[in-house]
Amino acid sequence: MPRIAYFGPTGTFTEMALAHLEDTGIFDGPVERVSAASPPAALQLLRDGDVDGAVVPIESSVEGSVPPTMDALSIGPRLQIVAETELDVAFTVVVRPGTTADQVRTVAAYPVAAAQVQQWIAEKLPQAEIVAASSNAGAAEDVAAGKADAGVSTALAGERLGLDALAEGVADFAGARTRFVLLTRPAKTPPRTGHDRTAVILQLPNEPGSLVRAMTEFATRGIDLTRIESRPTRREYGTYFFHLDCVGHIDDALVAEALKALHRFAQVRFLGSWAAVADNGVPPVSDEADAQWLDALRRGEEDR
Amino acid sequence: MPRIAYFGPTGTFTEMALAHLEDTGIFDGPVERVSAASPPAALQLLRDGDVDGAVVPIESSVEGSVPPTMDALSIGPRLQIVAETELDVAFTVVVRPGTTADQVRTVAAYPVAAAQVQQWIAEKLPQAEIVAASSNAGAAEDVAAGKADAGVSTALAGERLGLDALAEGVADFAGARTRFVLLTRPAKTPPRTGHDRTAVILQLPNEPGSLVRAMTEFATRGIDLTRIESRPTRREYGTYFFHLDCVGHIDDALVAEALKALHRFAQVRFLGSWAAVADNGVPPVSDEADAQWLDALRRGEEDR
Amino acid sequence: MPRIAYFGPTGTFTEMALAHLEDTGIFDGPVERVSAASPPAALQLLRDGDVDGAVVPIESSVEGSVPPTMDALSIGPRLQIVAETELDVAFTVVVRPGTTADQVRTVAAYPVAAAQVQQWIAEKLPQAEIVAASSNAGAAEDVAAGKADAGVSTALAGERLGLDALAEGVADFAGARTRFVLLTRPAKTPPRTGHDRTAVILQLPNEPGSLVRAMTEFATRGIDLTRIESRPTRREYGTYFFHLDCVGHIDDALVAEALKALHRFAQVRFLGSWAAVADNGVPPVSDEADAQWLDALRRGEEDR
Amino acid sequence: MPRIAYFGPTGTFTEMALAHLEDTGIFDGPVERVSAASPPAALQLLRDGDVDGAVVPIESSVEGSVPPTMDALSIGPRLQIVAETELDVAFTVVVRPGTTADQVRTVAAYPVAAAQVQQWIAEKLPQAEIVAASSNAGAAEDVAAGKADAGVSTALAGERLGLDALAEGVADFAGARTRFVLLTRPAKTPPRTGHDRTAVILQLPNEPGSLVRAMTEFATRGIDLTRIESRPTRREYGTYFFHLDCVGHIDDALVAEALKALHRFAQVRFLGSWAAVADNGVPPVSDEADAQWLDALRRGEEDR
C-alpha cells in the first residue's frame, strides 16, 4: 500500500485533494495517508524515502502561487509532478455546539484563509477579532480546545472534531479554486493525453534579456505559457528561480524543442508533464506533417 | 505636520523603515505616524485621505514579493511610489525578563518571520513549539501578555514593552533584506537622479505572447527589468496583474518610449519613478545624441 | 532654372519620369534636363554640384531593385530622396520606316529590357537574334544607325529619331511598373503627408542577429517594412549594405523612435522621407494619445 | 558520362567553375559539357532532362546576387544545389594579335563586367568607348569578329580564339570573387560535413512582421544567416521571394528545427544543403547533449 504524504493535519483542503486523487484510481488501490506539518515537510518525507508520493497545494485562483511549495520544489533533489486536481475553496465556519453568531468574539483563521474571508467576517461577525491559526484544520482544533469561539476551517475538520457549522461556503471571492499536485521521486513521465501541462524551474544567466529569451523559446513555437513566477533563490540577493508552466507534454515535439533550447543556455529543472484537470489553453500543434516534409526533403523526394 | 500610515503596530520593521525615511529629510520636518493593521489598511487610509502618505513592505530578499501590498496596489484608485528604503531584516527573540532559553516552550511568530528563523529555533530552542502571531510586533505583545514564552520580533518592539532580548540578529538566511516604499496619492514624479527605479502594473490582452511582447518593449530598448511578478486578478480565473520593475525614470527617453509602447496594447498602471537606494542595475542609455542626430537629419544638415 | 540630371539619353523611361515630376509642379517652373550616361553618373553630377537634382530608377516590379542606383546611393556623400513617381513599363519595338516583322533578323535591346520581352520576341520575331544595346534609348539609336533591324525602346526615343513603331505596349509580364526617385543634396525633409515612405541604408555590426534586431525595431513599433535589400559593400567580402524602406515619415513619432533605436547600434544613412505615389501599406499609428497619457502621468494627474 | 550544362559559351568563368568542380572528383569521371546561353537556359535543360546537372553563377562579392539565377531557381520545378565553388574574378583584356593599347577605340564588355573594370578602362584606355557584349566570352568573340578593338573577357576565351592578352588580372575591386553552384534534380542531400551551407526560398504570408518571424526562427536557434535577398515574384506587385542562406546542414538538428518551423507558416522551397568551399560562419551547435538530457528526463533518470 503506497504511503502518500499531504499537507495536514487531517481535515485540510489538501487531504480532500488527496481523497479526490484516490477516487481517480491513480493509485491502483488504497493508500496510507501521512500528515505533514507543511508543504515543505511533505516534500521532505518524499525526498527521504519515507513516503512514495506527496500532495501539496501549488496555486490558488485568489492568492496566487503557494510560496512554500514553490521554494521547496526548487531546493533539494528534483521531484516530479505526475498528476493534479483542483478544489473549489470555500470555508466552513465552525463553532462548538450551541454557540451562536452573536456570541463569537474571536475567530481563529490561517492567515491565507483570513485574507479570503475578511469581508464576510466584517459583515456577519462585526464584533469578532481574528486570531492566527496554524492551518485551516488547526483553526478547528483551536475552537475545540476553547482557544477561539469560531474557526475558519473545512467541513471535514469540523465534523471530525464534533463541531457545528455556523456557515458553509464562505468566501469573499466567488469561484475561488486551488490546484494541488501529486509528486513522486523522478520517474518515467506519464503518457501524453493531449491536454497536458508541463512545468519547469529555470535559473537564468545573469544577463539582461535572458528571461525574454527563455519566454521567446515558447512563444516562437506557439506554446502557451500559463504561469510565470519568480522566487528569490535566497542564495544571492537579486537572483531568482523562474517557475514556468506551459500547455503541452514533453512528448509534444515542440515542447521537447523548447526544453532543449532552454537547456542550451539555462539551468532547467523539469518538474514534469501531466494531464491537466481543466482546459488549460491550446495545446501545441503537432509537428508530424512538418517532420514528414523534412524527411521527404532529405531523401530528395519533395517536389514543390 | 504630514500624517504617514505604516504597517504596524509600533515596533514593526515597517515603522523602522518610516523612521529611516524621516531621517533622509524627505518630509521636510516631523511627521505624525499612524499605525495600520496591514499593508492594505495603510493604503486604504491613504486613498481615503486620512493620511498623506503610507509606508509598506514590498519585497523581501528571502520571501519575495509581499502579496498583500501588491494586491492592494492593483485594486482601487492609483497610488504612487515616491521613495524607497531597505532594511536588514534580522529578528530579535524577546522574552519576559528572567526567562532563560531552556524555559521556552512556546514561541510566537508571524508566519512570514517563522519561515525565516525555523532553523534557528530548531537548533537553539528544540523543545519549543511555534504559535502564530499577527505581526512581528504582535509576537512581542503576545509575550508581554503571557500568551507565549518567547517571541520572534524586533528590538524596538521588545524595548517598548520592557522585554529582554534572548538573542539578536536571528536569521536563517544571512543578508536578508526587505524593501519598503513610501506612497502618496498621484503627484508630480520626483526628479530623475540617474539611479532610479520605475514600476508598472500591466493588464495584458488575453493573447499568447502578450507578456513576451511587453517584456520585449523593455529589452529592445536596453532597459533592465529587475522584477516581474504575476498576481491573480481575483476577477476572472487565469487572469493576472503583471508587476514589472525596471531600471530608469519616466524622464529617461527610453523608459518613456517603453511606457508609451505598452500603453498602445495593454492597460498600464504607472506606480511611479523614484530614486533606488541601492545599485539596481545599469540605467538606460541617454538618447540625447540620437535625438540630436535625428533633428540634424530633419533639418537636412547631417552629412554622413 | 534648376538643372536636373536624369539617366539618359533622351527618350529613356527615366526622362519620362522626370517629365511626370515636372507636371506635378514640384519644381516651381521649368527645369533644364541634363542627360547622364548611367544612374551613378547622374548622382555624381549632383554630388559635384553640377546639377540641383537627379532622377534615377530605383525599383522595378519585374526586375527588383536597380543595383547601380543602390550602390551609388551607398557610397560617397549622402544624398536625399525628396519625391518619387512610378511608370508603367511597356516597350515600343521600333524599326526604320518600311521594315516589316518578317524582315527583322536582329533586335537591339538593353539587357534588362531583353529579359522583360524575350517571350514576346520568341513568339513574334522567332527568326531574330537579340543584340545588346547600351540603354533603351540606345536601342533606338542602334536601329537608326543601321546596326540592328529592330530595337526594344520607348515611344519617345523612336519618335525623336523618326522611327516607326512595329509594336507598342510590349511586355512579357503584365502590369510591370518602375519606380523613379528625385534626389537632392541633403535638405530639410518634405512635410509629412500621411502616406509617406522612409528609406535608410544600414551598416550593421558583424554579429549574428543584428539584422533581425534592426528589423525588430520596426516590427515592435508596428511599422511596415516594404523593402529590404542587401548589397555587397565591395570593401570586405561578406559585408553588406542593407537598404530598408518603411511606411511612414521621420516626423511620425514611431518612425523617429525606430531611427534613433537603429542609430544606437548601427551606422544609419537616412535617404529621406517623402510622399509615396501609391498606397504603400498602413502608416504607423499616431503616438499623440500615448504622449498625452505620459505627460499626465509625469504631472501626477492620471487617475486610473 | 554525365552531361552538365553551364552558362556559356565556352570560355566563360562558369565553364572554369565547372572545370574546378570536375577536378574535385565530384563527378566520378569525365563529363560532357553543354553550353547554355544564360543561367535560366542551363536550368531549363536540367528541368527538361536534357542534362544531369547545371553550373551557374549565384553570387558575386562585387555585384551581389545574380538575379537571373535566383529568379530561375524560384519558378518551375524545384532543383537542388549539391555543391559550390568560388573563383577569383579578374578579367583578361583581349585584342587581335598586333593591336596596341593606343589603337583601341572600342571595348566590348558584358555590362556586369563593364561595371567592374570601368575605372581601369578610364585610366588605361581613356580614348576607348565601351560597347555591350552578350557575355564575357562573347566579348572575345566580338573582338575576333572585328566588331570591337578590345574585349573584357577571360583568358580561356581569348586563347581559344587565338587572341592576345593586352592585360591580365584586370579588376577595379581587388579580391572580387564569384560563387558558382552545381544543381541537380531533387536528390538525396549530400552528407553533412560540418562546414555546410543550406539555402531556402520563402514565400511569406502577407502580414507585417512575417519576415522578422522567419529570420527569428534562425536567430533563436543560434543559426547564422549568411545571405538574405528579396526578388519580386512577378505575379503580384509588391510580393517577393525571399532567398535565405544559413550556415549548417539539414541534418544539423537545429537547422532541421528551423526548417520545420518555417514550414508551419510559410511556403518553403528547400534548395539544398552542401559543403561550403570557404569558411562561412559558425556552424550551429550540436544538440546531441540536449537530446540525451531530454531522453533521460523522459525516462525519469535525470537528477538535477
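Each chain carries a letter (A, B, C and D) given by its place in the written order, and its residues are counted from 1.
Quick note on the criterion: a contact is a pair of C-beta atoms (placed from the backbone, for glycine too) under 8 Å apart; a residue touches a chain by one contact, two chains touch by 3 or more.
Please read these numbers as outputs of a predicted model, since none were measured by experiment.
S.K.: Chains in contact with chain C and with chain D: which ones?
M.R.: Of all the chains present, none is in contact with both chain C and chain D.
S.K.: From the C-alpha centre of chain B to that of chain C, how far is it in Å?
M.R.: Centre separation, chain B to chain C: 58 Å.
S.K.: Could you state the distance in Å from the CA-based centre of chain B to that of chain D?
M.R.: Whole-Å distance between the two chain centres: 61.
S.K.: Can you list the residues of chain C that touch 2 or more other chains?
M.R.: In chain C, the residues touching two or more other chains are 216, 222.
S.K.: Name the touching chain pairs, please: which are they?
M.R.: Those chain pairs satisfying the definition are A-B, A-D, B-C, C-D.
S.K.: Along chain B, where are the residues that touch chain A in the complex?
M.R.: 60-64, 67-68, 111, 115, 130-134, 173, 175, 177, 208-209, 211-212, 215-216, 219, 222, 224-232, 234, 237-238, 281-282
S.K.: Using the touch rule from the top, collect the residues of chain C that touch chain B in their complex.
M.R.: Touching chain B: residues 77-78, 80, 186-189, 213, 216-217, 220-222, 250-251, 256-257, 259-261, 263-264, 267, 269-270, 285, 287, 290-291, 293-294, 297-304 of chain C.
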